[in-house]
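What follows is chain A paired twice: with chain B in the first complex and chain C in the second.
Showing the complex of A and B:
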């Protein structure tokens, strides 16, 4: 493994201060003040000025990742080591900042999740108050959401407290832990599994429609799928392959017609190369899109 | 110990590691150059994409039936290029729907995508001069759990009896649940997933599928904006470069693999060996794409304030 990936941020780096230290609090307060100033500034900025402000922040944020990718990464960096020169000072700083910068996204997502919950509440409370015909489902959803939040947080607080370690043993569980377990493991996980298993039946119906002989393409698809399916059936592939071997009598060309060989050829020659081709296209598209977003060449809603 | 001059090189540039970085920069240069060309008024050609022509047909059908158009911008964990592109296409769909006063439903898996989509769709209605037709509840956050989201969207499809559905973005196992549910009520479906494992499911179940980078080409195709068209042509140049490299690689490997060698390169260092047949790892292309990094030791001073984390070095 590359040593850089194993490196830990030293306790004294710019990005990490000791727990409850005055430096940590100073940085937290400065960050909060700067964040609030930016937020208020954006709210009161003239509409014409918003675009360049957003473009500026987008460019700065993107430049960080471009720099992280292009700037020479330290070779064989071990925890606690100090940089040898300016180039390494910058690369150490960039590498140490990575976890902090990534957590910015999580903080933003945390704020935005509140907006998501607001959207859910607004839609379903409106349905309930207006007596919509599906209001019952809205009640179920809101009650489930409320219960899950309450039991989740109550259990989390219990585990943070003095009894936290004891709660790993089921014998020490109380009402909160049983409630959370019932809602999460007993209901949610099971319903997730049920939804997932529905896919098996959908695959069948979709495959039936897709593999009907309607055109040349569908026939080719059907034949290829049939061969691959049969090759995965042990008894069928065994009988087929043994028959081919007896007919071939050691002829290497005829041996190519063993079912497992044909299926492998379809996978390696057609499937893998097609998938790689698609992945090249998707990767290039994402890179071009990222470049346009970074340089603010892409306007929001530019599809219209 | 490594000489100080080599420490500057950077881990990612060692051996042939620089090649990947160079190729990325070359692709970026192609895209930017073509954006410049397109902005300069150069007429650039884009081929016909059937799935995108079907968008107008699908909305027209929904308008005739008086039923909503449902859109899902995938299950991106955060707001990324894929989600932005999906919302960009939905902005076009919403514009057409707004013109015909057709109801829309845009279901989001991620709260960040939800806020972005809400702003974008509201702007679309405002720019069309029909802000009063915009229903804030038409863009909604459903759930950020995969199968809860799948159940929620499937329920909406069945209850609202949507006439047209657009599934564009990052989709995983739930793709077939959406597509088959919409198919069961006879909705016309346009879909695309950047996940190659899900594309076959969409092909099996949907009417039109945008495969691979057609998803990224959609905005350029629909709007013909110079920036987007130029970017698309830049991608095509990059693809040509990749094709050229595949052809050259095949030729190089085919020729090289036939021969014998008395040299072997291990961890970036050449050494003489008894004559043997050339292996795959000896070929020029293999060595170009697989940097061989020798283990080096760089001695640096230790930070006097450094306190090892508990368990470190165990």
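Showing the complex of A and C:
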């Protein structure tokens, strides 16, 4: 078993140095430098050599998940238990390495954030330096990003001290916390909410202009939609249901015509089965796409 | 606007539509009204699950909402925490959909605590009652790690104990004795994205799952509820309003004959009447009513216009 992949042995692992210690920082920097050297090496490698390397690592990475899913899993495994045969050796190895592989995945996905920042900087700095007509907006974007990063990190560093938890209380806030709160809660969250709210206008406009009874199918769709919409209006469904109850006088057949019952029937009978069908289709598509990516049959992987 | 009445009805200018929508959604906010309502079964089950938690239970919460859906998600988050605080639950929070989500959750709890402090109620303290495990950039890998090796997945994550630098989350009372996902009697997901699907794929069958989702996610969540892969869910603003009413009235409480909210499936589940129960759901639900009513009216108007125009053409 490869020691790196033993998730149960954190006391001796590479990352077990004390938080914020110089040893941990040194190791982090060395790892970063090694990673960068590998990346630069790949960048300067001839394209013909690059393709098989990428295809190889893609296949190995995908094979791990396929094996983890298909290989028999250890049952009632006890701490320190040794594998009895090859099948169990592989299953123990897969189980132990899961956490390390998951951590790698998290780190790699984390790099996407860095890639996003790099991309933003590249596009908007180019616009600013070239004096593009919309350069003002690029300046606003970069200044906003810089301020948010600065206040975010300053607040984080403040919280690393002994007063960290006290900063959850607004009474203990300083300039940094008020600055962060203004930018994050006062601006970003409000703009986020405002952007999302705009959808309501498009929905109303689209429903008004497009939802027409032009065919039998459209009529069925519209009727079902109206019933579900009405069922979401508590006041309407409450009055409707109370009237049906009083007419039904305990008759179970007539009780089926309560708005909530009708809407529930539409949801449970048509909606969920349709969504299941769609999800099966999406799943099959994802499987086909996953296979193509795993085997590097897609253009970006094969370069063909 | 030229043409006959039918054509006119079909082509109301956008600015007028938008103005009507603004008025229909904003005026009700100034005149709070309590709308009659019957909570749906999924929310009743959601509430029953929360209320059935033994006192002091440890709950895993995936908080994946931000400002964009706070109209629905924040109301759900606050109501859920009001119930969890009442159940004296300990909550481990992590996020996987958006880097903003951990801070948004943290701010929402701080806001709740400030309100409790003003009313001289005990606060829900970070580290002792809840921990913020932080953000995991890859949602699918995170839930995979949690399902396979919780200690490893959360290992190395730190949070803030009172008057002390950050410490490993497993040292907090919230995660004491927790080694695997099954040690949580409930996993909650408050989300506005697909991360709930990953929870169903990896955790369903290991520990009970309950979701609080946005309105647009209700249809796909209903699939999991119907197949009993989740024990209940609170869907959209209607779900939040249902939850607030359930907190106030309980189910079949004090008994089935006199209880305001009834259920044949569930037994007696107590409510806890408190003016504080009425929160975002009660405030915003009338607005949703008017918006939906407006949409229905506009659809009908458009169709009436189409028929009138067709009749005009024929004549």
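Quick notes on this one:
In the analysis below, the second predicted complex is superposed on the first by the 187 of 304 C-alpha atoms of A that agree within 3 Å, B and C clash if a C-alpha of one lies under 4 Å from a C-alpha of the other, contacts with A are read in each partner's own complex, and residues count from 1 in each chain.
Going forward, a contact is a pair of C-beta atoms (placed from the backbone, for glycine too) under 8 Å apart; a residue touches a chain by one contact, two chains touch by 3 or more.
Model, not experiment: these values are computed from the prediction.
Once chain A of one complex is fitted onto chain A of the other, the partner contacts of A:207 extend to both chain B and chain C.
Of the two partner chains placed around the shared chain by superposition, neither chain B nor chain C is touched by A:37. Contact with neither chain B nor chain C is seen for A:247 once the two complexes are overlaid on the shared chain.
Shared-chain residue A:233: touches chain C; no touch with chain B. In the superposition on chain A, A:112 makes contact with both chain B and chain C.
In the superposition on chain A, contact of A:143 is made with neither chain B nor chain C.
In the superposed model, A:196 makes contact with both chain B and chain C.
Shared-chain residue A:99: touches chain C; no touch with chain B.
In the superposition on chain A, contact is made by A:279 with both chain B and chain C. Overlap of the chain B and chain C interfaces on chain A comprises residues 10, 105, 108-109, 112-113, 188, 191-192, 195-196, 203, 205, 207, 209, 275, 279.
Note for the complex: chain C touches chain A at residues 10, 12, 14, 17-18, 21, 25, 35-38, 40-41, 66-71, 99-100, 103-104, 106-107, 110, 113-114, 126-127, 136-138, 141-142, 144-145, 148-149, 152-153, 155-156, 158, 160-166, 219-220, 222-223, 226, 236, 238, 241, 285, 288-289, 291-296, 298-299, 301-303, 306. Of all the residues in chain B, the ones that touch chain A in their complex are 2, 4, 6-14, 21, 24, 27-28, 31-32, 35, 78, 81-82, 84-85, 87-92, 94-95, 108, 110-112, 114-116, 119-121, 123-124, 127, 137, 140-142, 144-148, 150-151, 155, 159, 173-174, 176-177, 179-180, 183, 194, 196, 199, 201, 203-205, 211-219, 222-223, 225, 227-228, 231-232, 234-235, 238-239, 242, 295-298, 300-303, 305-309, 312.
Interface residues of chain A, counted against chain C in their complex, comprise 7, 10, 15, 19, 95, 98-99, 102-103, 105-106, 108-110, 112-113, 159-166, 168-170, 184-185, 188-193, 195-197, 200-201, 203-205, 207-209, 211-214, 222, 226, 229-230, 232-235, 237-239, 241, 260, 264, 267-268, 271-272, 275-276, 279. Chain A meets chain B in the complex at residues 2, 4, 8, 10-12, 69-85, 87-88, 91, 105, 108-109, 112-117, 119-120, 122-123, 126, 134, 137, 188, 191-192, 195-196, 198-199, 202-203, 205-207, 209-210, 275, 277-282, 284-293, 297-298, 300-304.
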